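Attaching a single structure in structure tokens format; questions to follow.
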């Protein structure tokens, strides 16, 4: 089996008196899709935030390619090739889809103007439209602020952003929750494609059939701790639900 | 067949130059669950907003019990017994779950204090905890602002609110999108229970198996227009997807 | 509900940090000049001199909790004082100095009604017409002052009844100045209404998410009108209090009341983005700068250093408050 | 991208409504007193007299687009003017009236550096320490003014070089006052940077959703520091411009510059909640009140009516602008 | 009952201390007064302190008065910012046994202060009008007054005196006063606007320092320096320089240092139980370029 690409051990995270993570571990290898499942409030999103530099865990270690790393900001995580679709999307509602797609990585004009920081809006717009087509998203007007889009359209923009920029690991926190049937299928296709390019994909979803269809492995989080790991090919929805609800237990795995 | 409880005809709604609804019709009867399905951006949420008084359609008629009504504000819709779970949840992030559950319908103390508007926080809190238990939601701390809850926890609060107060029609715009397996099942149970009490339930969802499991009828919206109607018992996922994507057409139905 | 959570309900956001700052300030000044600082007289005058601002700031707290702002309070105060004083004079042959309680009562009504009128105007323009609160209240800031000058022909209005000045203005009750009693009553009612009633709950909800409040059936437009009306009424009352205290309706000198009130509210932990905050915090936010200014005068700090020192302490106080909160969240 | 959409990109929010208001105002005043209003002299003086405020308001636009606020600009202007004037005097034996370009250049550097220092301080306290912008800049509002008074011993500083006053202060270039040229250049650069560059894009993103911007890898802290620094630098430049214009560094008389600048920005369609707005809008927002005040004096409106009339027109202008937008959205 | 009045409590203080409370911080007029005060009070063996409000404003000055009272100095010299609003706090000073001397401005209630040293602002306005008329000669033209904020007692008195006197000169058309919020840029703008509307403008009376600076700027900008006669009030160093340079044609100067010194003399007399002069009027002079050097003792000081 390949070495872990990203390996988190015993992460603990408190919010005031709430313990969101109580020693959670998590592993993902290059070229695999790992599903992270768990009940509402199990700590999945918190774990993702810790692994993408948004939150700093109170204790625990994170290593990338076997070497410990400190992910103290989203920039740090991004520079290590980690991209994330956040559950709350984290988009700028007043900006249009193309601006959101290129947020923080804007394309600049060539030559002097570019060096002065002038944006190449036309090119960004062109590429954005291509990305959206790829995901089967049809936008009524690409110049509209993203806050005025439908829930699914907005989610598509966030998904498009992560896959455009990913280079090693992509975290997707419920990326398909608001998507239509067609768009959902496209996103799953994209996930497979990204995996086949050798990247690691971490998928969070409450849709168990979807999880089993696309994931290679499944890790289960319960009350802030990893309680089970499964091979997707040899497990069932019942087993997963059992692990999530605590009916079935592998101990602290 | 029973008379329509709520009947919308030929609703048109523009947002600037975007035509979200282009003559959409929609019907629901008392004691039935109608699923409203459609692609992302089909206009489902816009239709719900028009039927719950949040947006005013540019043209078209809405009738309740056969008599035309004007739903010019959420208050008007609520006073007619219409409750809604909005896709964007519409909660006050700085208030705690109990406060959100009772928002706009706060319980007051008895006697003089109550007449002075003093809230009965203890009682609201007690009842809120009971509602959440009912939906299988476990909150780490019920005094925390709702903005700090996990996505699924927050959605549960919004769902709880609608079913507590509904008296005639409940609109649920993707109420299960962020819910865990268990909570999702509970919500579907609640939907059936509400239906059995004689209320009409309108469910929006992109999860076709779920739709077929709980709905009595399905209406399909495409590009702002109703394009098909199905009996849930005698239709398949393929038919629904066909209607949503335009592959299969019943004309303007 | 633990006792601590219950306390937090009334005080709203945690305001302990600023309370600590206030106590430290009093301790420091007290240590430097115990003879002059820790006296009944200094306590009395400090309280009296903050009474008017406190009443304004209570109204401002409501406005800011709804994510609004009211720049007009100082001018409305001036306008109300002028109309009130002129009415009292008119009722008593042009000079009300020797007038009785009946005239004073009419004066109070006129002051409050004047404040209410401006508040209502602000509220309607903001809530009904949907105009930005900053522009609307900046407009009434200018207009109310202009109107006050217009009717007073640009000069201060004297002739305040002695019975008013001697009782409300400088009178005490068991050693507590009457003005302070009025301000304390307003504050207590303001704190209770915001913290324990449906009205207060709706105020927070509107500031937290106006659209959600509207969809929840809260009459947002009416509520906002009421909140600005309240701010106006309190500004009118403050105008009357200032009248009693100074025994003259000044038309100058209230152009920074708005900023002072806003600063007190924000210093007290209320966010300008609405949805959170408390009247108790505002009280502390009023007293910190007042104690500072007073203390510096008593201790004899150079006048040019005073604004610098006030600024330093204000920023340090907020800093301390914030890091205390962060530390608590980490726990 | 249609031409109209392209135009909208640069002008940001739609500002046509306020532009119409401005034209109507000019037309009305022009019709009432064509001989006095529609003259080169009136145009020139109006432009000159708004130059300083315009420079402040350009910086304020950036700050408000990030959902911040800067109350300190007027005091920073004073402080920069004082340090600049005192430095120039010191370099030229205590009175720089006859000093040359070298001294003037040093004065410019000192003014800009002084503004930058306050801006940097604001930025660090707001972005790094995470304190509320209102409190921080209210603090520097007091502190900068106090510091200015401290180093000037509380009086205005004279001795401004004649070469500065005669060129930048009152000189013209093909009939266009030099001060106006400077303000126009600042405005043009400000509008282009905000509308077309990555820096501008990041400014909008931070105001729209600061957390999203942070997660997108935008260096939010550094960017905010830069924005407040920019506002400070422009306030410093404005202080130098005021020095050239008035030929004295005034201590008093700038306490409402902050509100004037904020009002211009909001009047120009920028939301106090950030994420949207434009420099072009701000320009219109600066001119509407300026034209009003000027026009009322020329037309001879009663002095007490002037503030009332200004307030009325401002509110009406925003009302008109809003209803136009709503009508467009309905279409 | 529990009724009473604020300050019904006693305490001890420091009789060898004297405090000056000017109307506003950072104005050469009051700074010059402060210089006279410090010099005279120190010479008389008193400890001195100066506490000024940030603005000419009763609500800001009142806490200072009560704060000073907490220290119980022997005497307080004060320029009350309102002739009624300060009566209460100043009465408390008196009731606490502190000798109160009014400088520059005074209360309506004459029973509180031991002595009042001032120059008559209305007289200053009349002097400004006469000076302006003298500068203009018999040329016809319009005349403007730039005032600060409505309700500011000192500048309102100057404007009133000016208006009364200027009516006696039929060749001069008084076009009224404009308020400037005490901001130089508004003063400049109002002058140029008035020039647009009244091209025959021939004289401007600026009632204080800021309006004068703004007016000079506006006139310079319009190229009308010296064509329009500008009469300012007060003689701060910058104003004197402007007079010398021709940006201003005349200044009405008070004598703040003498006010400060005389205030100390009267306070000392009151403290020592010697006879006190109840009202002392100090000089007002009109300075023009021609006679300014002869009157240089009236120039205000920037710092002591």
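Structural remarks
Letters A, B, C, D and E name the chains as they come in the text, with residue numbers starting at 1 for each one.
As a working rule, a residue touches a chain if its C-beta (ideal position, glycine included) is under 8 Å from a C-beta of that chain, and two chains touch if they have at least 3 such contacts.
Going by UniProt, the chains are A, B = ATP-binding cassette domain-containing protein; C, D = ABC transporter permease.
As the structure is a prediction and not an experimental result, all values here were calculated from the model.
Fewest steps needed to get from subunit C (ABC transporter permease) to subunit D (ABC transporter permease), stepping only to touching chains, is 1.
The chains in contact with subunit A as well as with subunit C (ABC transporter permease) are B, D. With C-E and A-D as the two chain pairs, more C-beta contacts join C-E. Per-chain Cα centroids separate subunit A from subunit B by 28 Å. Subunit B and subunit C (ABC transporter permease) have centres, each the mean of its CA atoms, that are 43 Å apart.
Centre-to-centre spacing of subunit B and subunit D (ABC transporter permease) amounts to 48 Å, using the average Cα coordinate of each chain. For the pair subunit D (ABC transporter permease) and subunit E, the distance between mean C-alpha positions equals 32 Å. Residue positions 25-26, 150 of subunit E each touch two or more of the other chains.
Listed for subunit C (ABC transporter permease) are residues 149, 154, 256, 303-304, 307, each touching two or more other chains. In subunit A, the residues that reach two or more other chains under the touch definition are 15-17. Across the complex, subunit A is touched by residues 1, 5, 9, 193, 196-199, 201-202, 204-205, 207-209, 211-219, 275-276 of subunit D (ABC transporter permease). In the complex of the two chains, the subunit E residues touching subunit C (ABC transporter permease) come out as 1-9, 11-12, 25-26, 49-52, 54-60, 62-64, 66-72, 81-82, 84-85, 87-88, 108, 149-153, 156. Interface residues of subunit E facing subunit D (ABC transporter permease) in the complex, by the touch rule stated above, are 25-28, 31, 150, 176-179, 181-186, 188-190, 192-197, 209-210, 213-214, 217-218, 220-222, 236-238, 241, 302-303.
Put simply, subunit B touches subunit A in their complex at residues 15-19, 38-42, 45, 87-88, 137-141, 144, 148-153, 156, 174, 177-184, 206-209, 241, 244-245.
By the touch rule above, subunit C (ABC transporter permease) contacts subunit E in their complex via residues 33, 35-37, 39-42, 44-46, 48-49, 52, 149, 152, 154-156, 158, 165-166, 169-175, 177, 242, 245-248, 250-254, 256, 290, 293-294, 297-298, 300, 303-304, 307.
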